[in-house]
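To start, the structure under review is shown below, and the notes come after it.
Residue numbering begins at 1 within each chain, and the chains themselves are lettered A, B and C in the order written.
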Amino acid sequence: MMVPVLGVLTFVCAIGNIWPMNGGAFALPPDQWLPENISEAGGVIDTLFMFILYLTGAIFVGTSGALFVFMWKFDAARNNEPVKFTHGSHTLEIVWSILPAATLLFLAIYQMNAWAEAKLDRPTEEINGHEVPKPPLVEVTGRQFEWRIRYAGHDGMIGTPDDLHTVNDLHIPVNEEIVIAIKSQDVLHSFFLPNLRIKQDVVPGMKQYVWFQANKKGTYDVVCAELCGWGHYKMRGRLTVESRQKFDRWLEQQFAEQERSEFTPVAGDEDE
Amino acid sequence: MSSTTVDEHAHERASGGSLGHFITTYVFSRDHKVIGMQFLFSTLLWFLVGGLLALGIRWQLAWPWHGMPVIGPMLFSGEGGQISPEFYTTLFTMHATVMIFFVIIPILAGAFGNFLIPLMIGADDMAFPTLNMLSYWFMWPAFILIGICFFWPPYGAGNGWTSYPPLSAMIEASPSSLNAQTIWLMGITFVGVSSMLGSVNYMTTIIQMRAPGMTMFRLPMTIWGMFITAILQAFALPVLTAAGFMQLMDRLLGTGFFLPEGLIVNNSLAASGGGQPLLWQHLFWFYSHPAVYIMILPAMGMVSDIISCFSRKPVFGYKPMVYAISGIAGLGFIVWGHHMFVSGMNPILGMTFMVATMMIALPSAVKVFNWLGTIWGGQLYFTTPMLFSLSFVAMFIIGGLSGIFMAATPVDIFIHDTYYIVAHFHYVLFAGTAMAVFGAIYFWFPKMFGRMMNDSLGKVHFLLTFIFLNGTFYFMHILGARGFPRRLADPYDYETFSNLQPMNQFMTICAIGMVATQVIFAANFIYSMFWGPTVGRNPWRANGLEWTAPSPPGHGNFDFQPIVYRGPYEYGSPEVDADYYPQNQPPPDDVEPGASSSGH
Amino acid sequence: MTGDGAGPTASFLNPYPRDYRMGVFKFKSTPKGGKPTYDDLKHILTDGIPDTAMPSFKVLPENEIDALIHYVRYLSIRGEAERSLVFYVTAELDPDEPMLDLAAAQETRAEQAAAIRDYVTEVVQKWLVADSQATPIAAPDPDRDLAASIRHGRDLFYGPIANCIKCHGESALGDGQTTDYDDWTKELEPTNKEALQAYLGLGSFVLKPRNIHPRDLRRGIYRGGRRPIDLYRRVHNGIDGTPMPAALIKPDGAPPETKGLTEQDLWALVDYVRSLPYESISRPPVIEEAYQRERL
């Protein structure tokens, strides 16, 4: 009747959807499901995502398939066999408790390393024979509704008079391990770099660190990912990843502008 | 134990006719069925409100800053007909608040819990009828307060239903943090009190007032769902209420529970400090995570009942199903931190919450397998309730599996606060619970009103809702994988999301279709209430005790004292010729009572 | 939408958004009374104004920023022209006399239009000359003794000529006086009870008058920009529309007893102000400890 048609229809739609590669409606090609990844550690996250996708995809196909097969086979309109009167099967319960439990446990342990790398293992460097946490290159402070960015000056320390201040304009040298200190000046924000798979809520009164290594040059977005008020949507920053030379040159240029103490008015007017 | 009979109550009814009597019978009634009906009508109306708010969100995401036709100039004339950024924050805040606190929780616990619990366990009413009535009427201050919220400049609370401080705790932090937020907090407190009153009632009734022979393991799964849910509510709600008071104090009395030292927001200094914004998140999610299980366990129970009835077969693995519900609830208390993986909480805590969250998938999986086992080998009748319940299973599989992505903390770093999360919870809450609720309404409608809803219209309602909801919510997974953030009034300026507008427009059109389809349901419901075909006590030939009472049951429910001999799922039992075997039917002479093949 | 600084969110912001209609801008390179140059407006748009709700639009493309600058000027010109025409109508014309009578003879209309055009031209003219009015700034001696300059600046800060502490307070925390108003608010006569009541009685949508606060110089947040030339401009030209005065300049070569500040003095003041946030009393230990919750 209507049900077998319905069953097939739904199953087809579902399959079409779970594999966008097969051309489900408005499907994006597989390389566009996740945004471009330009970080080393981000690749680990992407692999984990895909692994879970295939795993859950298989489970989905299996269980939904079973559902639709049973719906078809045991439809009372067509099935005349007497009902299999049973209250359950102890064995089956054990099997389908142990198997998922083992899978989940495996998944849990498999990804602990990635989490530790992302959030626990802050990069260190050796100074005078000691391992110390790597000092941050830049401090990003979230504020309603912008990112205030502060680079260490020549003295290498953030918080001194020779720091460079910019707004919404974050530059990073490529292929280097970077540590960023993140803070909030007022309410909760979240420092989200989609292309680096970095996200960390910034909390007022708490200083935190994120670290990554970008391996491709270009301009990317900085997004705020925690509701911070009516202007949450416009808290857009620009991340520029460039070569070390260009980065140093940019820092010098910005600093020179910040230290500008000479001004000559432009001759004539600019109006048309 | 029933001590009154229908006769006595009929006499009471006949003697009435005064306004006072009308008010005590239908308005301030202490009869659990009337209260259940009151909850049902109120929540269905709020469902409409919540749905319209959602359409506002979808409009903005599909056509940002375009004026809405017709409604735009009426509501937003100050902005030229478009939704302002502040109002957008109100839209998503109130949509979530209304759907969670005024629709899903009350319809499951308040409407169905109230109506079904005494009927299914063979009692004549709840243990505390007056408390029950209060539990409904405590919702009204909440309705009024949240309703006022909408009319109080700036027209609603807008700090997310999660209401994170310092945004929500400081008046200067956001336009929506003025009086609207205070009123919102008070509304939530009333909802909490209402639920706590209800939960105490349900627990007591289920433990103390079961009919003779109704052991705990002969309870229908619906009752188990309601029972465990009541326990969750009783233990988790006080934390939310306390947190709500703390935030109110921060806002009104200048305390600093959630405000750190020296906080300056919008050039205003907070009154005091020394607090911690993360404290709110812990307290809030300690309630709100069990809340999401509150929002699905009764639905799971009802789905078990419906599937079993229309497969003419017992529920596969009754005891494992009960243990699974308990497991979900128990584990539900130790996973709240998975909402906070990137919140600034210690990442080591993140690992512990991750393990617990992974484990919670296990009892859910067991339940899905058992549902599949229930329909295997049965005789399936695809009535409207059955269709909705089967779609619950299918959609819950999707929603549950997508949860695994979030449980994996490194993946959660990326998908937290994106539309992936939105997809996940809409699949479990709408494609899951709401579909189960629809199915339950079609299933128990005859018992409530003595009439049947139209099954063909029901199937049309089902098909269209199913198609449109998948069209609306499936693509949110894709958006989320792209990093498309939540709560952004206009995401298309960002390079990463600039090409996602067509997808959003498609989703909006599906959402409009989905809301429009509910007109069919509303029409069917209202028409059938008055003019639907009348039915007897047990139109579905089901086993539960409720189907032995008249349709609709009178005051006192049963016209005889039910005595229970077996579990609720003896469909297709070899002991009788009929394909169902009601719980209170005495066994044939050659079978020992209580010694049925069910083993319990 | 009219550039009146009273948009839907305005009442909520602290400080209020700028009302362009007076044609007065705070942070520019021209002296008091002058309009900001193209570059001044560009600077504000690209860097925003720290400590306020004015965001940075650096991520916008060049052509959009250019369009915005022209639009801001347009709004200001329109607003100021409308205001001057209002004054014209109330001061110069009879109560029944229309500003432009469309039913009158051709000649009369031409006369009236010419009068209107004069007022508008006056407004526009000020913008046209703005770019050339910017104050030239000569850099200080890069080899100067910075510590000595800072000490000199401190003396001037507390001294009678500059008298900064009168408003900025004896600890430079901005608490010297707190009862003054900026020019936009002064127009509303906030100290006059009847005028204030009349204004507030217009409706709940009006922006309640707020006092203007002198800047807390120890925070290191400078609304007009943190470059030395920005700070120099604030001290040299004052801040238009606010009680911050222009400096009394003592030209080079003037007799020693002339009152005023030389260019060197101004640079000394700038050096001192720039050093204030890093003085030890600006960073008491307790503020650092507030950040004790450090994750790794």
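Structure notes:
Just so it is clear, a contact is a pair of C-beta atoms (placed from the backbone, for glycine too) under 8 Å apart; a residue touches a chain by one contact, two chains touch by 3 or more.
Computed from a prediction, not measured in an experiment: that's the story for all the values here.
Using the average of C-alpha coordinates as each chain's centre, C ends up farthest from chain B.
Across A-C and A-B, it is A-B that has more C-beta pairs touching. The distance from the centre of chain B to the centre of chain C, each centre being the mean of the chain's C-alpha atoms, comes to 55 Å. Centre-to-centre spacing of chain A and chain C amounts to 42 Å, using the average Cα coordinate of each chain. Distance between chain centres (mean CA atoms), chain A to chain B: 31 Å. In chain C, the residues touching two or more other chains are 9, 53, 290, 295. Across the assembly, chain A contributes 120, 144, 205-206, 208, 230-231, 234, 236 as residues in contact with two or more other chains.
Those residues of chain B in touch with two or more other chains are numbered 84, 86, 174-175, 260-261, 266, 344, 347.
Those residues of chain A that touch chain B in the shared complex are 1-3, 6, 10, 13-14, 17, 20, 25-26, 28, 32-35, 44-45, 48-49, 52-53, 55-56, 59-60, 63-64, 66-67, 70-71, 74-76, 79, 81-89, 92-93, 96-97, 100-101, 104-105, 107-108, 111-112, 114-116, 118-120, 144, 185-188, 190, 192, 194-195, 197-206, 208, 219-221, 223-234, 236.
Of all the residues in chain C, the ones that touch chain A in their complex are 9, 29, 37-39, 47-48, 50, 53, 55-56, 58-59, 127-140, 226-229, 232, 267, 274-275, 277-278, 290-291, 293-296. On the chain C side of its complex with chain B, the touching residues are 8-9, 12-15, 51-53, 204, 287, 290, 295.
Chain B meets chain A in the complex at residues 84-86, 88-89, 158-160, 164-167, 170, 173-176, 260-261, 263-266, 276-278, 311-320, 342-344, 347-348, 350-351, 354-355, 358-359, 361-362, 365-366, 368-370, 372-373, 375-382, 387, 390, 393-394, 397-398, 401-402, 404-405, 408-411, 413-414, 416-418, 459, 463, 466, 470, 474-475, 478, 481-483, 485-491, 493-496, 502-503, 506, 569, 571-574, 579, 597-599.
Against chain C, the residues of chain B that register as touching in their complex are 78-79, 84, 86, 153, 172, 174-175, 260-262, 266-268, 344, 346-347.
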